[in-house]
Each structure stands twice: as C-alpha cells, then as structure tokens.
C-alpha cells in the first residue's frame, strides 16, 4: 500500500507511538518529552491536512485488518471522520502546549502525558473508525486511557470521581458492546454508510432493529452526557484543567456525540431512523437536556462545575441538530461539534488560568480579574459570548443553522428550546462577565502565583488565545471554503446524495 | 467353591477398608491398611494378575507401609483428636455420605451393564508379542508398546523425590542416623542383604519371560536399602545431594537416551531396533530398577528430615 | 527427520530436567536456557510442519494406536503448545532473576517436568497416557507451590495435592469404565465407537468431575486461591496460566471428540451453570480481597467460568455458532494464559517494591513504577475483556455465538462478569494511584522483571489484533459433528 | 488313595492346626513375651509341615530346594523379629505377667 | 457371576468407602489412606471389569494398574513428606480450616 493509502494509520500512530515512547522516558526528561509531544502534534496536523485534501478530492483512504472471522478493524477517512479528526488534532496541539505550562514542576508528568497521548490516539481511532466494531474498540480504549487522567491527582476525591466516571462509562460501554454484538450477529459486518442492509433487516424484524438502535444510542449517550446519564461529567471536574478541557471539549463527550451521528446517519440512515420513529424521542431528550443542563449550570457556584453543566447542555445541541430531518439542521449539528469544541476548550483554559494564577475556583471570586488578567479574561469573554450565540463568534452560526433547520424540518418547537437555552446561557454567563470586567477586586486573591507576569505564564495564555481566535475566525469566515461550515456542508451533501 | 473364596476375600477387603478408615487409633488404622495391602495381593492372584500381586505386596503394602509407619511415629506430637464418626449435625458428614453412596450407586450401575468390548486389544498384544523383544506380555506393554507411559511414570517418581528434597531441613546437617543398636539384627541383616539384592536382580531378569520386572525389583531393592540404613551401615552416600539426585535420574536418563537415539535414524521416539529390543529393554529395566530402589529409599530418608524441626525455621 | 519436532516437545523438557538435576549451578542455568531456545525453535518447526502437512499423528515407539500410544498434532494442540512455550520461557527468565539461588536450583527441575507434562497432555490422544501426564503435572505443580517452604504454602500445597489426587482418581475411574466398555484407550478410536450408554455416561461424569476439580471450577475451587496466591510469583504465573488449562483442555477434547453436544444438551447446560456461578462468585470474591495476589487468584476462578461457557454453546443444530463458541473459548484460554501470567509477574514486581502483600501498600506505586503499572493495566484490559485484546475477542465470539442461538442468559452472565472484573481490576489500579503521607520507601526491581511482565501483557493485547493467526489453525471440522 | 496322599494330607492338616494353635495362643496369652512365643514357634512348625507336604508332590529338586529355602528364611526372620519385639519390650520395661493376671491391652497409642 | 466381576464390585465398594472417608476425615493421614483405598478400588474395577468383559486375563489393564500403583506410591510418598513437614512446623495433622475454633 502506498503512503497515502496508509495515511489513516499514520494519523493514528503519531499519537500512539508518542504515547509509547513517553511511557518509556524517565520522569526527568521533561525537555525531550515536551519536544516529542509537540513534534507529534504538529506532524499529526500536517498529516490531517494531507488527508483532508485527499478526502476533498472524493477519495476515501482505507486501512483494514481482519481480526476475527467476519470482523474487521477498519480505519477509513471520510468527510465526517475528518471533521472530528481535524478538531482533535488542532486541540491536541493547543492542549499539549497548555498542559506543558500547567503541569510545570508537578510530579508524574511521564504518566500524564503518556495517557494523554493515548487518549488522543483513541479519539483519532473513534473519528477514523470505518465500522461499528472499530468504533467500539476505540470507544472503550478512550474510557481506559482517560481514567488515569481523571484520578491523576491521587486524592480521595479524585479517586472517587474516577470510580463514578468508570461506573458510568463502563456500563455505557457494555450497553454499546451488546448493541454492536447484536448488530454483528444479526445484520453483519457492515462498513459505515452501507445502510441498505439495515433497512432490509428493519423490515423483517423491526423490534430487533429498535432494540439495536436503543442499545447503540444508549451506549453513546453516556459519554455524550445526555440526561439522565450526565452525572459523571460534573464529578470528573476534579481532574487537572487540561484534562477537563480534553474531556469536555474534545475527547469524551464529543466521542459520544460523534457516535450518535454515526449511528443515525451511517448505520441506520436518517430517513430510516425517521420512518421508524427512532429519532423524535431522541430530539426530545436532547432538547430536555439542553434546558436541564443550562438550568443546572445556573445554580453552580464553582466555575468548572458551571462549565461542566454548560457542556451537558451544549453537546445536546449537536445531538438535536443531527436528529432534525433535512440537511440544514444536520449542518448545524455537525458544525456545532467543532464550534463548541473550540469555544469550550477556550473557557476551560481560562478557568484553569484563573485557578493557577490567582487560585480562583468560585465565581464570586472572579470580581476584578479583568484588570489583573486582561488577555485571559478577553478570551473567556469571547468563549462565553460564543456559547450564548452572539455574532460574530462561531456559536451564532451553529444556532442559526439549527434554528432554520428546525423550521425546515417542520419542528417549530425547537426554536423555543433554542431561545430558552440561549436566555439561560446568557443568564449564567453574563453575570460572570460582569464580575470580571465591571466589579472591583475584593481583597486579596485566594492564592496568587506567576507574579512576574502581567497576565499569566505564556504557555498557559497562548493556547487560550489561539482557540479564542479560532472560534471567532470560524464565525467570521464561515463563508470561506476552509471554514468548518463549508466542510460540514460538504459532509451533508455527501450524506444526503450518496 | 471358588466364588466362596472370592466373596470371603471381598468381605475381608471391605471390612479391613472400613476398619482402616474408622478405627479410633491411628496406629491400628495404618496396620489395617497394611493388612489390606496383603489381602489385595491375594485378590490380584485371584484376578490372574501375578505381576500386580507382586507389585502390591512389595510396593503397595511394603514401601507404603514403611512410609506410613515412619510418618506415624513422627506425627505423635501433633494434636490428634480421634475422629467422631457420626457427626450428624455436620454438613460434612452428610456430604461424605452422599458422595460415598453416590459413587457406589453410579459405579454399581455402570459395572452391572453387560459388556462387549468392541476393540480386541488383548489379541493385538499377543499378535505383536513376538516383535517386542520379550515374551512376557506385561513387560512388553510396559516397556515397548506403551513405554511412553512408563517414561512419564518414572518422571513422576523422580518428582516425588524432588519434593522431598525441597522440604529437607537444611543442606548442611544431615539427620542423625537413629539405627537400632541390636547385635543380632545387625548380623542377620548382613546375611540378608545380599539375598535381597539377589531377589531383586532375579525379579528384574525374570521380568522378560514371567511375572516380575523393574518396579517390583526396584521396590525390593529399596527395602534392602532401608534395612541397610536401619542397622546403621554406611549411608553417607545418601547424604550427598549430588549422589542422591544423580541416582534418581540414572534410569530416566538411560530411558530418554535409548528412546532418543532412533530419532537420529529417522525413527519415532522410543523405537527399538528389532534385533536389539530385548537387550535394550533389559538395559532400561536395569537402570530403572536401580533408580526406583534409590528413589524409594531416598523418599524414606528425606521424609525423616522433613519431620525434624529446627529453630532457624521459626517464622 | 520428520519425527524430530514432535518428539522434541517431550525430549527437550525431559533433558532439561535431567540436566538441571545433574549439572552444577552455572551449567544448570546455561543449559536450561539453551534448551528453552531449542524448544522454542522446535515449536516453530512443528508449526511449519503443521502448515505443510496438516493434522498428523505420531506413533510412539512405532506402535500405532490402539496398541501403542499416538501423539496427535492438530491446530488445538499446536496452539496450546505454543502458548505454553511462550509463557514458560518468559516465566523462566523472570524466575532466573527473581528467585534465590537455592530456590532456583529446585525450580529448574520442577519447571522442566511441568513443561514436559504440559506438552505430553497437549499432544496425547490416549486416555491413560493423559492420566499419567496429569499426575506428572499435578505433582510438579504441588512441588512448585511448596517451593517457598513456609507453613502457608505447605497448607496450600497439601490442599492442592489432595484435590489433584482426587481429581486424577475420578478421571482414572472414568478411563477404567471406558476401557472395559470399548476395549480401547485411543481417543480417536473411541470416538468411532462411542455411544452414550449408561456406563459411558457414568464414566464421562467421573472424568469431568475429576478434571473440573483440577481446573478449580466452582464449587470445587477452594484449593486454588491459596495455592496460586501463596506461591512464589513465577510459580503463580505458571500455575494460573498453564496448569489449570491442562485439565480443562482434556475436558474440551473429550467433549468435542466424542461429540457430547449431540449426546446431551442438559450436560452442556450444567457446565454453563457451573461456569456462570464461577464467573460471578470468583469476580465477587476478587472484589473483596485485601491481598493483591489473592485478587488475581480469584480472578482466575472467574475466568475459568468463561471457558465453561463453551459447552452450552456447542450445539448440534447450529454449526456456525458452535464453531464461533469454540474459537471464542480457545481465544479466551490463550488470552487468559498470556494476560494472567503477565498480571502475576507485574503484581509480583509491585509486591517486591512495597515489600508487603497488602493492596494498601500499593499507594504511590503508579508514580514510582509507571511501566509496571502499565503492564498490569494491559493485562487487566485483556482480563476485563475490553478491546483491543485477546480476552475481548474471545468474549466477543462467545457473545456472538450465544446471540445467534438466542441463549441470552450467557450473554447476561458474560456482561456481568466483565463488569465485575472491571471493578476488581480498577480497584487495584486505584490503590496504586493513592497518595499517602510519609514518603515512599520502595525497592527497585531489576529491569528484566519489569520487561518480562510487560512482554506478556503486550502479547495478550496483540493477540487481539492477530487473532486470525490463531484461529486459522483451528479447522472448522474440529467441532462440527461428523 | 495311596500312602503319599495320606501322608500329605496329614502333614497339611497338622500344619494348619499348628497355625490355629499359634493364633489361639496369640489371642489367649496374657503378655507380649508369651505371645511371641506362641506366634514364632507355632508358625515355624506349621509352615515347615506345609512345606514338607508340598515337597512330597514336586518332581524338580530345584523347586524343592527353593521351598526349603523359603522355610529357612522365614524361620530366621521370625526368630529375628521375635527377638526384636521381646528386646524392645524389655527396653521399655514391660513386665512379665503372672498367671491369671492380664496385661492392659497394647493401647499405648490410644491417647 | 465370574470372579472377575465380583472383584469389580469389590472395587466399587472400596471406592465408595474411600470417597466417604476422604471427605469425612480431616486428619491428613487418614485422608491419605482413604485416597489409597480409592486408588485400589479403581484398579480393581479396571482389571476386574475389563477381564470380565473379555472372559480371560487382559494384560493391558494389568500393565496400566502397575503403572497406576507406582504413580500412587509416588503421590503417597509426596503427600507424606508434605504432611510430616506441615506437622513439624505447626504441630497439627489437619489443615487450618479443619482445625476448628480451638
């Protein structure tokens, strides 16, 4: 096979090999480890760009290995895969930079970066998975590689959070496993996109088909933090900030959402799913989760907890978008996958900066931080505004498409959900912004570090600024050919016109 | 008439079995067990199996008896509560009763089914006996047709001795030889030893044409060694670990080497060339006899040192 | 030299035993490693011979069955022989560094006899020869358990010995009845004439009970945790990975050769129920242990339960599903051997670091020995049956087979067992992540110890990607009834 | 019914009788020393008679010699073991019993 | 009933008694004796039953029993060594779980 043919494998391997080498490096080789990590991340972005160009030219490079009779491990780069892979690779670079700064002088970095890279590798695997089985493998691998990150600090609190996380995700994994096993037992070893056999199967045994759908979506819903499976997410906030960013913006929740997209579009096919009436309950559930998450976020006093519930709500936008029949809503959902990632990672970086620089964890401690840390606060503001959906930040684009998509699909009630949630978003973000910029500082900061910098350490600041800039750019240049929006359109065109 | 004898034997056998398991005194238990071994060898005669009768008398009753009695002497110090047989409240009793009756019922049913073996393996033995190098069918089976079993079985014996060596107290202090300081015994055994040795060699030699063979000979040899040891004759050889171990593997080594040579000539493992089969079998049996005698003796010797307790072992 | 590779599997280990008993200290180890290399090469050449000519028989002493004993090389035997070669050689390397000089001196002959016994069992197609092989194996295993010589391990060895002896006698009783009924000891010949009469049923019942007792199937398992948990680390690895497989292998052979799935569906059900009980009980007990090696030992109990699920899933009706179950079971056996050996070795290193047996003493170790924890984790992945790993593939095939036959109970049991195993493995994991006051005082294990553990764990993961290499060796005809 | 058979039967029956008497003595005699006496004496004689009876029936001299050898060996063995038991009993200071008195049965191993 | 078959039944009886004793007794020496009875019973069944099927001496099972007896002796000797060592270390001739509350 040619180099290009094997490209999906190389993309996966860059972070996987990085993980292996990092595990073997002694703890003290910080410089080498950081260099290696960054080089791998940059190489990966380069490879992804190559792949995206190939995919744009209507090619789908594919690598497959038969590991059991009638069961193959398939890595396949299609347009949808590249959306998620692109997001992950960009955010891997940013988060790595950030983590290097964040974990400076803390112990166990070898372990941390090793599992971190492994986690990215599994995310890559999820995005490039060419069939349900491959997806399942990397989905479980993701659970395994994120657990050590959640319990990284080794405190009783984080160990407890780790237990909760495992209880949720492993149960979800098992449900998914059963679903996938049923699919393979009764439908066959099908690549994503081959939906015709599923349609035949649904005709002959509709109940089995419904059960498979329920199990698959149920398994994914745990990681996507759909109500009532969202409990692990706020608990997992005890992890270090880069991990929270990774869990919430890139890897875990997105993997769940991405899986739901795959199931609806590439396993069942959106038309079939609609005909069978599978999708409507899901969009109702997503809508409820959107409102519920926002409502809970409003009640939180801890910054990271508030962001966590905000994630619960925002990820359901993606699910809601893809459950809308019709291309426009789908575009909204897909593009939100990327937009939300960029914005939420910005917010988490900033939250981490506040905590690291000034020791701020609670919202009421944020008063006056705009003056102490103007750049961080600016990035935070951009992210928050994007979440509310104010133009020109990227979040607006998503909500616009969701809204028009809902109207096109004839589901007018979705508009009210969007409006309600936007109001709630505003209600829990605007007061924060107000505290940051307009209220004076109250006494001493809880725990001030980095006094030599005006804002904070550059390695912490720069990634936040980059992602903030990207989320604005995604909104501003939404019309250009290189924007996430255009790519989402490309995907949708290919999905609806096979 | 014959059936009467058989039934009497069975009754004695079962009676002794019951007694040996359920007598209060452990000493009697062992005694009944040895007695049972002797009765068993009569049973084997009645079953037209003189080879097994010999083996049972020499190995089963003899060596096992010596080992059991010797162990008993050392177990005196342990807290030994005599068994209470009818512990009706104990689930264990009912489990035992249930399993025992279950086994009897199941086996009884299976045994009572009329038999007509499909494969006439016994005919195959007599057909091929001429090519085996010996004329006694059992020796032919043990050392030619199924010699692979025998090879592994010798390994089992070596293993048992090896475990005994593992549990030996220490390498430095051989156990003191507690022989009986009796003049008459000393004199008589000096007289007996060559005779026992002769019997052992005779059994070995006879094995190729009539009942007898390496195992019986080895067991007799072992008893000679044990007597040797008991009267306090020279046993330094047995205290040296190297001699111990090399003695054990002597027979196995000969067996493996003789078996492996045909491999070089493109024959399967353990094939004897037709012309030399008899000689090779005798050679192997000689090695086995010496090793088996030595192993059984070392088991006796080493199990003594397993019983002694030294201060340095206290945890 | 066509006879050489197959005879080598028996001759080399026996030579190893002879050499390790006869030679002096230095030569003992050198020769042992030369012979280990020879055995590995021998296995490879046997594999190629198998690729060349397929399943073949070898008559020991040139006496063909039923008069003589025939060895049989088929895919299943080959897989197990390769598995034991891999695990045993890695464990030997580990033991060579881990054990003290006195222990090592005694370890070698036991090790070689153990290997000889294993190979003889994998290859044998003669019922009585299997009995002798089983006895050799049990005694070697008992000797290995007693190697640490303290009171606890003695008690474990005694318990083990009595269970093993009882098991062997059960098996031998069955052999006696079968010989009396059919007049042959050769398994292939027996399968030609076999019909399930009363006495054959009783015979097979005794054989299965005996063998399952040796495999430590619930409820005849109580000897296993103290024996496997209390032995020296390389010994635990050998026992858990290989020894219990041997008796199970014979059950599997009997079942498939004699086509018992046709004869009796309820027997299969019974095996499945025992297996399910083992999975749940073993998992639950593992979750409640405070000593690391006992956790792993109980995990072996649970894993044995998965193997038992093969039997209810072999069905006379659905050949495809039966084949899947068989393949899945073999993969589980193989994956468990690699992963459990790796896990025991990794655990041995951890206990060596902390100097205690308690789970609590593991606090902080994931920081101190990340590579070792990684090895433990990888093995754990396979034990839990998470992808990608051999354990997962095995479970997957079992689940597929159960689904195709609509036997949902077994699916549920497998799922519950997986969750339980995840719980006890992550419990260990979380202990290593704990941070406690008072600083660390850990000993550092030699690099070889860590790398050997890692190599086995990695193999158990790679098995997940290379399962086809293994499964290609298993012909479909191995299970589908004639 | 010739003389040989009558002689043989007589020898066999008296040999068996000797064994019976010896066994009776073993059960009836009061202490270790007297029991040994009963056992060894009666057994040697009984075995001798039986061996003689068998020799009358044998043509081969070698076989006859073997039988005699067995008798001889058994006699040495029983003499030796009798001696050893008595010697050991003496070492352990087990007293002789007076007529009419019975020794507590050898129950020393019963705790 | 041939005398072979009678002894096969005798073997059945020995096996039953052996199993009963093996499970009932906690004293290791008694258990060992029970194991040996069980073994002898098995050997009797093996030879007795197959000879009763053929109606004449069958050398194969006889040879197997010879092997079996040797293996049994090896196992017995090994068990005795273990038991003696155990007793020397702990002053008990029973396993810990059978020692009761005392």
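We just call them A, B, C, D and E in the order they show up, numbering each chain from 1.
The working rule: a residue touches a chain if its C-beta (ideal position, glycine included) is under 8 Å from a C-beta of that chain, and two chains touch if they have at least 3 such contacts.
Everything numeric in this text was worked out from a predicted model, so none of it was measured.
*Asks:* Going chain by chain, each one touching the next, work out the least steps from chain C to chain E.
*Replies:* Minimum step count, chain C to chain E: 1.
*Asks:* Can you list the groups of chains that still touch once chain C is no longer counted?
*Replies:* A | B, D, E
*Asks:* So if I look at the partners of chain B and the partners of chain E, which chains show up in both lists?
*Replies:* Chains touching both chain B and chain E: C.
*Asks:* Could you see whether B-C or A-C has the larger number of C-beta contact pairs?
*Replies:* Looking at contacts between chains, B-C has the larger number.
*Asks:* Taking each chain's centre as the mean of its CA atoms, which one is most distant from chain A?
*Replies:* D
*Asks:* Which chain has its Cα centroid closest to the overall Cα centroid?
*Replies:* C
*Asks:* So the centre of each chain is just the mean of its C-alpha atoms; given that, what is the distance between chain A and chain C in Å?
*Replies:* 42
*Asks:* Averaged over CA atoms, how far is the centre of chain B from the centre of chain D? Could you give it in whole Å?
*Replies:* Computed value for the inter-centroid distance: 29 Å.
*Asks:* For chain C and chain D, let me know how many angstrom lie between their CA-based centres, rounded off.
*Replies:* 58
*Asks:* What whole-Å value do you get for the distance between chain A and chain B if each is reduced to the mean of its CA atoms?
*Replies:* Spacing between the chain centres: roughly 72 Å.
*Asks:* Mind pulling the residue numbers of chain E that touch at least two other chains?
*Replies:* 15, 22, 45, 49-50, 52-54, 60, 64, 67, 71, 74-75, 78, 82-83, 85, 89
*Asks:* For chain D, which residues are shared contacts with two or more other chains?
*Replies:* none
*Asks:* Quick one: which residues in chain B touch 2 or more of the other chains?
*Replies:* Those would be 26, 80, 107, 111, 115, 117, 121, 125, 146, 149, 153, 156, 159-160, 163, 167.
*Asks:* How do the chains pair up in terms of touching? List each pair.
*Replies:* Going through each pair of chains, those in contact are A-C, B-C, B-D, B-E, C-E.
*Asks:* Please give the residue numbers of chain D that touch chain B in the complex, ascending.
*Replies:* Listed in rising order, the residues are 73, 76, 80, 83-84, 87, 107, 109-111.
*Asks:* Any idea which chain E residues touch chain B in the complex?
*Replies:* Interface residues on chain E, with respect to chain B: 1, 3-27, 29-30, 32-34, 36-37, 40, 43-45, 47-54, 56-60, 62-67, 69-78, 80-85, 87-89, 91-93.
*Asks:* Mind listing the chain C positions that touch chain A in their complex?
*Replies:* Going by the criterion above, the answer is residues 324, 327, 364, 366-367, 370-371, 374, 377, 381, 386-388, 392-393, 396-397, 399-400, 403-404, 411, 415, 418-419, 422, 426, 429-430, 433-435, 464-468, 471.
*Asks:* For chain A, which residues are in contact with chain C within the complex?
*Replies:* Where chain A meets chain C, its residues are 23-24, 65-69, 71, 73, 107-108, 110-111, 114, 136-137, 140-141, 143-144, 147-148, 151-155, 159, 162-163, 166, 170-171, 173-174, 177-178, 181-182, 184-186.
*Asks:* Would you pull the chain B residues touching chain E in the complex into a rising list?
*Replies:* Residues in contact with chain E: 2-3, 6-7, 9-10, 13-14, 17-18, 20-22, 26, 29-30, 33, 36, 40, 43-44, 46-49, 51-52, 55-56, 59-60, 63-64, 67-68, 71-72, 74-75, 77-80, 83, 85, 92-93, 95-97, 99-101, 103-104, 107-108, 111, 115-117, 121-122, 125, 137-138, 141-142, 146, 149-150, 153, 156-157, 159-161, 163-164, 167, 213, 215, 292, 296, 299, 302-303, 306-309, 313.
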